[in-house]
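Okay, so chain A shows up in both of these, paired with chain B first and chain C after.
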Partner chain A sequence: MALLEVRDLVVRFRTHDGTIYAVNGITFDVEAGETLGLVGESGCGKSVTNLAIMRLLPKPAGRIERGRVTLDGVDLIALPESEIREMRGRDVAMIFQDPMTSLNPVLTIEEQMVETIVAHRAATRADARKRAVELLGMVGIPHPETRLRSYPHQFSGGMRQRVMIAMALALEPKLLIADEPTTALDVTIQAQVLELLKDLTARLGTAVILITHDLGVVAGMAERINVMYAGFIVETAPTPDLFARPSHPYTVGLLHSIPRVDAAEGGELVPIEGVPPDQRRAPVGCPFAPRCAWRVEACWADNPPLVPLEPVSRLVATGPGATHQIACHNPPLPDEARTGRPTRPGFVAAPPPGAVIDELAVATPDVEATLVEFPTTDAREERR
Partner chain B sequence: MTATATPARRAAPARASRGLWRDALVRLTRNGPALLGMFFIVVFVLAAVLAPVISPYDPIAGSLANRLQAPGTAGHVLGTDLQGRDELTRILYGARISLQVGVISVLMGLAIGGTLGAIAGAFGGAVDNVIMRIVDVLLAIPGILLAIGIVAWLDRGLPQIMLAVGMTNAPIFARILRGSLLALRESDFVVAARSIGATPLRLLLRHMLPNALTSLIVAATLALATAIIDVAGLGFLGLGPPDPRTAEWGTMLTDSTKYLREAPYLIFFPGVAIVISAIGFNLLGDGLRESLDPRLRR
Partner chain C sequence: MSLAQNAGATRPGESDRPLLRIDDLRMYFPITEGLVFEHHVGDVRAVDGVSFQLRRGETLGLVGESGCGKSTTGRTIVRLYRPTGGRIEFDGTDITTLGGDQLRRMRRRMQMVFQDPYSSLNPRMNVAGIVGEPLDIHKIGTPHERRERVRELLGVVGLNPEFGVRYPHEFSGGQRQRIGVARALAVNPELIVADEPISALDVSIQAQIINLLERLQDRLGLTYLFIAHDLSVVRHISDRTAVMYLGRIVELAASRDLNQMPLHPYTVALLSAIPIPDPAVESRRRRIILRGDVPSPANPPSGCRFHTRCWLRERLGNPERCTVEDPQLRELSAGHAVACHFAEEVDGSPEQRQSTGQGGTQAAAATSWAPAGNAPSAAPAAPGA
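And now, the complex of A and B:
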């Protein structure tokens, strides 16, 4: 049994605009000590998945509609609020994207750290303080004794993220969810923070779910990657496998959207056309179909399930030998994955079914009709 | 020159914080208008506290033989009023009423409004809806009208005035506190605190209320200025202290309106007292707003 098991998780938001289909039945495992990367564009459901695991979805809009989440065999979704609260911090902890706003501005670092430690452990304040100093030292903050008495605004962004890491790891949780932990930081600081995160979690044996839109970040950190699109997992593979053999058109698109310095072949940038789907509509067909160059007719009607890329005798869910799985009717061939475009002779992406054509026509403004003429004579000139 | 200045400037940010409130105080003492405000308030408070020490006269009993002496007359720096009472003495004693009623009414408003706002902001949902609709109704009634209603209903008297002015402030405080609590509930650091297992009570008391408090402190200071004007306003409308002889700035204004031609100073001095004390609290309130928010640091 894996440390974290997520089964068919469905999360929806009820808003004034209607229902938002944020996460649409995803299944994955995280093994103890493993680092899993969760990659995708903004709004693809990465963060929502993890807020759902922590049961921190904004109330009352966000709801877990279906699915099972177990941590160490404990069903997190069925757990009463008081018990899930006990588990937060102790068993699962979280690091947020913006270190500038995720620390309480009116409390010193000491108050915030000691409070966390005392709340979970039967420790005296003096012991907790000692532990806090130790933790700050561990995350590389100079003069931890003095810095403990500082307020968050007296720290730089990178330092604050180190404090956040120290707080998250204070109780040595089994699972750490890092939600875009370096997005708000300078590139040089990013590398330091990632290195620190990698080093500490390896030392403590903490499993990590690393959420990011940056494939470069996961490449160096994660052992395994789930690529998410519009609330679905579209491809999952061990990191080396994913980079060597990207097999879902969306993954291929992501990889071709990053400029590469060492590109020897197919180094051209191929942007993914269009925008992510409006998640206020119930998903029909493959969510990526409207943007996909490889789509076939079936893609419009039928959303393919996540299946092994090659037939396997036994499905491996976790670890470096995990089965490479994709959800695609017409996966790009290895050659096409390299160039980022379908190269099969005579292949044309299947046009959308009738109803969708009309919709696209409505959505595309008529440029001719919106032409406006501006008089060229300038008022000042006339006055002269 | 610059060479000597640089090391000192570089050393400054490195100092350890001496606490949020201490830091705020340091920033406040560097704020010119706030210092002026504090100076006005100190004068006002000293006048109220030391009135019997400063003035040898009785604020209530005067001698008619001495009436309407012009300012500058020997023994009466600000002159005397219609009944021969020393104007300076009455202004000093008037400060007592204004200070007393102002502070107590704002505290009452804070107690009532703060509790309502905290409950609404902490619970949300139906509780929030019910409380805020009541608050909306109170807010819809003009403050001075509400105060007149309360004084008319409960009869004249200092406690009634305090309650009246307090009730006009309560819905404002409730709104401010609830608004800040709601915004804070979804803020990153509150979600972060929840993610490491903070209990709802701790979230409210340690994380949300202290952050919401700064805006409430500012609002309360500004409300003191309004309270002083409201008290004077009630006095001016004849709803002041029950004893008409009491030295109260608003009442003093009303009493003197008929003698505007002969003794304009009887309007001028109480007016100045009201303006100066109100400006004092306004300047301090603005200064507090700037210094209490660490994110607004310049």
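And now, the complex of A and C:
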């Protein structure tokens, strides 16, 4: 049994605009001490998944419609609110993108840290304070004794995130959920914080779910990666496998969308055309089909399940030997993954059946076509 | 790699005068105290002595972390601010103190694309109004011609020309940024200052906008000042890159040289901090973790502004020179300028080589996502340096 087991989780939001299909039946495990990367763009459901695990979905709009989440065998979805509160912080802790909004601005760091520790452990305030000093020192805050009496605004962004990490690890949780922990930080500060996070969680044996849109960050941090799109896991693999052999068109597209700082020459970027799907519509077919260069007819009607890339005798869910799985009817060949485009002769992406395509979707830039007359229009520019 | 192996990005028309010449540009924002009688107690030196030139058709990248003054530099150049000191010359004309009508006429030739496509478009104007507004301001064309021009511009940036009647909230972030680009292009400018034009966008959309900007430059011969915090993006789009730290340019070089042979300790640290989406490369890189935060630009450190965080200074036994003498930009090789007293020590150092994971072989990095069977990620990491 893995530390965290998520089975067929479905989360929807009911809004005035209709139902939002945020998470559409995802299944994954996290092993004790393991770091799992959850990669995807805004709206792909990566944050909602974790809010659901923590039972922190905004009420009454957000609802877990289906699925099971167990932590150490305990069903988190069935747990009464009072026990869930006990569980948060003690078993699962969370750090967010913006540390300023997750700290209380009118309380000192000391008050907030001591409160957390006292609330969960039968500790005296003096002991809790001692522990807080120790924790601040551990996350590399200079002069922790004096800094404990500071207010959140007196810290820089990087320091605030360190404070958040100290608070999250205060009770030595088994699982830490880090939701874009460094997105708001500058790159040199990001390096500091990631290093700290990696070092501390390895030392304490904490399992981590690292949510990020940055494939570079997970490449260095995570042992295993789930790539999410429109509320589905579209590819999952141990980190080295995923980068050695990206096999879902979306993963391939992401890798070709970012220039690499170590590339010998600034190679051409191959963007993913179009825009992310409108999640107010119940998913029909593969959610990526409208943007996919490899789509075949089946993709429009039939959403492919997550299956092993190559036949295996036994599915491995966690660890470095986890099975590489993708959800795709027509995966890119390795050569195509390298160039970012379908290259097999005669292949054309299947057109949509009827006119289901979103009319607001970006047209392919028409630069070549219209430029002939482009510079002439303002020939009558006023001269004074 | 030796210092001699170097070449500035040369383009035809090299001998022509630069489109933009910035000389010792300074932009201070006053800090005042007192409620009734304000008095001046100091300055935030956002830009403090920046000089560079921009050739016609070239892209110069301005990169640095938040608060380094890169955006202020861009905004001062298009004269959204009145500079505290220095000189801005656009196509041979001094525009440093230009005002009123003359400035407006000059601005027709330089336009800006902003970071946040949500706040830089007026939500109460329709798209045709937004894109056509510069034409109205500069009184270009007849109303009919303006309408036609707007349709054409929308097509050029990859939007349906019929969308002119819609409002910004009906569009996604990437589409809004296309509207911002169309607006900048409306008056046929020569220089476009793009201030973090893709940072607010999702990864899959960023590449669309980068490619659009590149294509437009090829077609229209535009000159870009491309401001961003992401060195990999800047390097991708720019011919030359300037790295800023606390209001100064600390290194300026052809983008290729800057990435392969960074000579300022800060550039090396910045490069090494950028995560590379490749676990094989990541595993053999060694990160330089800078200590602490960027000091306040209201009270910059004495001497070299980077000395409080510099890894090289520490290794050299904290030479006094760094704390007392302000290093000037000096050209170490053709087109490669650096503001560090000890830049020679950086060249050839293991830190320099490892900053981009090139401690191993180039080939390994280039083929990192090879087909299964020869996946180098599975192979043991290449020996570091």
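One rule holds in what follows: the second predicted complex is superposed on the first by the 348 of 384 C-alpha atoms of A that agree within 3 Å, B and C clash if a C-alpha of one lies under 4 Å from a C-alpha of the other, contacts with A are read in each partner's own complex, and residues count from 1 in each chain.
Rule of thumb we're sticking to: a residue touches a chain if its C-beta (ideal position, glycine included) is under 8 Å from a C-beta of that chain, and two chains touch if they have at least 3 such contacts.
Fair warning: this is a prediction, and the values are worked out from it, not measured in the lab.
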Check the residue A:107 against both partner chains and state whether it touches chain B (first), chain C (second), both, or neither. first
Which partner, chain B or chain C, touches the larger number of chain A residues? C
Quick check on the superposed pair: does A:56 touch chain B, chain C, both, or neither? Answer first, second, both or neither. first
Quick one: classify A:150 as touching chain B (first), chain C (second), both or neither. first
Identify the partner contact of A:308: answer first if only chain B is touched, second if only chain C is, both if each is, neither if none is. neither
Between chain B (first) and chain C (second), which does A:335 come into contact with in this model arrangement: first, second, both, or neither? second
Chain B versus chain C as contact partner of A:89, first or second or both or neither: first
Which holds for A:18: it touches chain B only (first), chain C only (second), both, or neither? neither
Provide the residue numbers of chain C that touch chain A in the complex, in ascending order. 65-66, 105, 135, 138-142, 145, 148-149, 152, 155-160, 170-172, 174-175, 178, 187-188, 202-208, 210-212, 215-216, 219-220, 229-233, 235-237, 255-256, 259, 269-283, 287, 289-290, 293-294, 356-358, 362, 365-366, 368-372, 375-378
Contact residues on chain A for chain B in the complex? 54, 56, 58, 60, 85-90, 93-94, 96, 98, 101-108, 111-112, 115-116, 119-120, 146, 149-151, 153-154, 164, 167-168, 170-171
Where on chain A does chain C make contact in their complex? 41-42, 156, 158-159, 186-192, 194-195, 213-217, 219-220, 239-241, 243-246, 253-266, 268-273, 275-276, 291, 334-335, 337-338, 359-360, 362-367, 369-371, 373-375, 377-378, 380-382, 384
Parts of chain B lying in touch with chain A, wherever the complex brings them together: 13, 16-17, 20, 23, 125, 186-189, 191-199, 202, 206-207, 210-211, 214, 294-295, 297
